[in-house]
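In the two assemblies presented below, subunit A is common to both, partnered first by subunit B and then by subunit C.
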Partner chain A sequence: MNFIKKLSFNCLVFLTSSSFIFSQTASEIIGKWDNARSYPSAKIEGVITVKDQFKITNTSFINYSRGDVDTLIEFTSGQEKGQKILRSESEIRLFYPDSDRTIILKGAQLRQSILGSDISYEDLTSIKKTEDEYDATILGEEDINGQSTWKIELKGKIKGLAYPNQIVWISKKDPVALKAQYFSSSNKLLKEMELLDYKVDKSYVIPTDVIFKDAIKRNSDTAMKINSIDLDAPITDVTFSRINTSF
Partner chain B sequence: MGKNVLFSLAFRNIFRNVKRTLISMTSIGVVSMGLILFFAFSDGFNASLKRTLKNYVSGDFYISNKKFKDYSDINPLGFLLEESLITPLLEGNPNWVATPVLETMATVYENGSFQIGLGVLGVEFNQDIKEKIFLTEGRYPVYNQEDSKVREIIVGDIFAKVNNFKIGDEIVLLSSTATGSTNAMNFTIVGLVDFGVENFNANYSAIPLELAQRFLFASGYVTRYLIYVEKESDIALSLEIFNNYLASSNIEEKVIAFPWYETEVMSFLTVKNINVNIMALLFFILGSIVIANTTLMTVLERKKEIGVLRALGMRKLEIRVLFFIESFLIGFIGSIIGILVGCILTIPLSYWGVDISTISKNGGKVLGPSEINFLVTSSGILTVFTFSIVINFLISYFSTIRATKISPRESMSS
Partner chain C sequence: MWGVNSYLNRFFLLFSFIFFLSFPIFCVDTQVDMSLNASLGKKKESWDFNLIGNAYTRVIFQNENQQLIKALFALEGNVSDQAASFGIYQAYIRFRTNNGLFRFTMGKAPISWGEGIYYNAGDVLFSSTNPSMDFNRVVKTDNTRWVLVPYFSIGSNGFFEALISTPSLSYYDTIIYNYLEGIGFGGNLSYLNDPTWSNLNAGFRFSWKSLDLQWQMGVMYLGEDILTRPFISMSGGIAQTVDWYLSSRIGLSPEGFEDGDWYKSWDVSLGFYFPWVFRDNSNLSIRLEGLIRPLGSWYLDENISTSEWEGVKDYLAAQAFLDITYILNSFFTFSFRDIYSIIDQSTVINVMFTLSPLQDLTLTFNTIIQVGGKDNTLFNLENQNSLLFSIILRYIWS
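This part shows the complex of A and B:
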């Protein structure tokens, strides 16, 4: 009897402690992932390739970012050359070379595609830490492209999220998501992301070759390749001011 | 009895009881006039739809990307026509008037938000377009290749009025582009226009084609080419030329042409015409009853006279012929007068038209003409004239047969 009690006690301790450890691990993993992509400042240059069933278009861009919030994306080639997207804490502004007014996107307009790609302006709107917006649960472990990952489910805990449910596969080696699936509140798959390559610089992880797929569109995908990364670029308030982005 | 005698008798009878003759003629005339107005309205409506269809949608026939028709609702800028594919065809047929159109639905950005939708037509402002888009104020826009800041636009006069825009104002338009991205552009309003289609006046604008191509990242592309030929009968031959060109250029999978009568709007028109024909039939029946009633009363109230004529030795056939001649003369004159009055009434209705703008402003680019100009056609006149004479004749025939079957004694005592 004493043995049974002892066994039961040990099992209880094991179960409660493993559950605690699992929960802590999910939180830690997400925290590390957030920290690894939250560069103080960065100037990133790359190319977005949009493929659909009829054509392939390449558009180069420069992305200036500071902290988790301020981001300025400028397209530097193609028909969209000169267009800019400025993300600040409160809004997303678009700048077009042929218009002297900046366009503030709101509501349904945020669902419009950027460059006709599988990425929408809505995808840029999330500025908080993942943990502030989602509850994370480890679903298990999986290998993605030969790398061992944590499969983590993210369930939105605030309203108005672009993707209320997500599943991310975070590498055990580096704090980076190798794959992600984005779902609606009714758990319909909306988008998928696959990371083909990334670079580790200081304590940061920068995705350098990413593919996005809109699950609703057929025969289309958007590839984003990073050509250069400068984490020490001098980026000031002026970069994100409306003066800098007006024409 | 000779034919001349019957004619003079019939003629005399018409004037013998002027009041009765006038009542008969008036009833036939009113029915004829009503039918003329009815057909003039229906034909005018068809002509208005056909005009707007040809002006903005189809031309006599239109050439577009083969996939455009199937996908235009989902992605209107995704399946544009590459101009260079058909340039040799257009150059080889200088008798065709070719109007390129690049079209999008943009949004007006005002006071920090998207306020209203505005259709944008990119067109070449040549004489052909100026005959379709009428300036009510200002001037047509010009495109300045040297100065990219010159971006001029004309807007529908109702759109300007409703949204308080005036000439000289700047508007910012945001649109999806042919590459799938978005673009915004500032435009200066240089003119207010009447497109002749209420929905267009309330919701559309026009800019030079080159500017539209720049705005929509669609250089060298158009939504469609509207082709106009000299005569309606030239359409079939022109389509044959087009098909031969497609085959020889090996672009059958990229380009297609549709004549105006094969557009979706025409199936609406066919349904509408069936409705009109049913209404016309009801109107004819109603008209027939009016004419029959008048003619029948005229014959039956003259039973005594028929009895006297029979007693005097006039044969049944002669009496019938006499009444036919009378009916014919009354019907002929009555319907001629009715048709003439109907035609005269349609002159102002044809010239100024009937304003249906209030009810048609949401009717779409083809279904929403601003006004209907009544149209009298020779076939309409012939139909109404034949109807009036035939109905009058038939009613007269049967009622006279009935009247002449009664014996002279009975007739005179009735």
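This part shows the complex of A and C:
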């Protein structure tokens, strides 16, 4: 009887303490993850490679970003050369230089894919302050590509999220997601992300080799490789202004 | 008074001076867009076969450090089994101030006013409300002119833009034609406008956002037609699902006032755009546009004579344009387009299959058919190319 009491007590202590630790740690882990990717500003150059059952396409791009929201992407090769995507707090604009025309994306247009890839315009609308939008819970620990990670479930707490449910695997070594799964509100898997490589610069972690897979598309994936990162690039309000976008 | 040669000579010299002086501070970027078009079209009495090669090369010079200056130079050439022509497609310098409040463009640059793909009453410079059948208007929205354009930013969603432009075919577009004519190529220049200052076009527009709508309002004076066109455009969305846009303009001219029929030039264009992404990630988009001339001809006598028809065909009161495009995957795209002249009940249908086997390479199978039961209708089998089959191979290299 004494043994059973002791066992029950130990189990209770283990469960309550681990639950306490996980709830504390989930918040901390997510906070560190958010901080590590919220660089004040950055100029990033890279290539998007889209593979499907028919062909492989490569498109180079330059991404200017500042804070959690402001982003300007300019495509620098192929048919889309010169096209720009401007993401601000309230909207996403596309600029077509050949016709000097600007289009504001709304509603269903946001669900269209960028360059036929597994990334949609809607994906650009997610912000980097996870805890403002999701409740986080640690599901456990797992190894991803030989690295120990926290497996964390994110449940949306506001309406209108592109992915109401997510599971992210955050490395214990650096605050970076090595893998992520994105689900609909009915818990249907929509997309997956796998991080193959990343770079630590100052106190920030920047993904440099990422693969996205749309769970609905067969034989398709999108790889994004970063060739250069400049965290000290001169990026101001003007970078994200209408006059610069349509320049 | 200076003739067009004189003022355009000065303009061109100034442009060339600035352009070539700017070379050392630019980095250079090139892009080549080539297409080959083999078509079989029905003429009035017979069938006509054409093979046309088209290419344009863009060389972009851009100051990368500050992104304050951009210069673009693009040449365009068309070669067929019957004729050849070459021209300047775009050639402009654009600079902006460091504070992002002012931008200036000088040279041959794209101009895009108003809202709409096929019918756009706000497009006061290029007049995209005329009834002629030209599906190229849908894909080639990059109309250019020799222009001077100061642009002032007003807040994050507004701007003021003024514009001075040369007539529809400018002198320097023709220099290359003339040169080529001398070496055995050449084009027909008989349609060059009478060269005087009065042929210049000038206008301005404001754009702003209010009531969750984007607005444009302005006016354009078209010297070559002695016509003043005020316009207003607005655009918005319905339930985050459908985009809509509306433009209205009127053309005021001394001739119109004298004839008392100026009111017929009131054009209203309206459009709806509905894009949809299916669960398998295929895309469907439906665009419906209409052109309404509220004070135009709403009724057409079935027995109208040809001379009467010529008088009213430009004032038919209503037309519609439908575009349904389905992108199945990265390889296959299907398009159906239709222009329907509501008053005379004639139509032109365009069906297109586009295959994209490699990056930046497309192969398009295109069919255009005009259907109109009567002689005096906008679209009928008697028109040039009333039946057209074409295969277009296009490659963009950069």
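Remarks
Rule of thumb we're sticking to: the second predicted complex is superposed on the first by the 227 of 247 C-alpha atoms of A that agree within 3 Å, B and C clash if a C-alpha of one lies under 4 Å from a C-alpha of the other, contacts with A are read in each partner's own complex, and residues count from 1 in each chain.
We take it that contacts are C-beta pairs under 8 Å (C-beta built on N, C-alpha and C of every residue); 3 or more make two chains touch, one makes a residue touch a chain.
Remember, it's a predicted structure, so these values are computed and weren't measured experimentally.
Once the complexes are laid over each other on subunit A, subunit B and subunit C cannot both fit and instead clash. Once the two complexes are overlaid on the shared chain, A:I114 sits against subunit B while remaining clear of subunit C. Put simply, more of the residues of subunit A are touched by C, taking subunit B and subunit C as the two choices.
In the superposition on chain A, A:K159 makes contact with neither subunit B nor subunit C.
Judged by the touch definition given at the top, the superposed model places A:R101 against both subunit B and subunit C. By the touch criterion stated above, A:S241 is placed in contact with subunit C alone, subunit B being left untouched. Contacts of A:K217 after superposition: subunit C is touched, whereas subunit B is not reached. Comparing 58-66, 148-156, 256-264 or 382-390 from subunit B against subunit C in the aligned model shows that the clashing stretch is 148-156. Overlap of the subunit B and subunit C contact sets on subunit A: residues 50, 52, 54, 57, 78-79, 98-101, 104, 106, 109, 112-113, 116.
For subunit A in complex with subunit C, the residues that touch the partner chain are 50, 52-58, 76-79, 81-82, 88, 97-101, 104, 106-109, 111-113, 116, 120, 214, 216-217, 237-238, 241-244, 247. Taken together, the subunit B residues at the contact with subunit A in this complex read 78, 109, 112-114, 148, 151, 172, 174, 176-177, 179-186, 214-215, 217. Partner subunit B is touched in their complex by these residues of subunit A: 50, 52, 54, 57, 78-80, 83, 94, 96, 98-101, 103-104, 106, 109, 112-117. Those residues of subunit C that touch subunit A in the complex are listed here as 29, 31, 60, 67, 70, 94, 96, 98-103, 109-112, 141-143, 151, 153, 156-157, 159, 214, 237, 239-243, 274-277, 279-281, 283, 329-331, 356-360, 396, 398.
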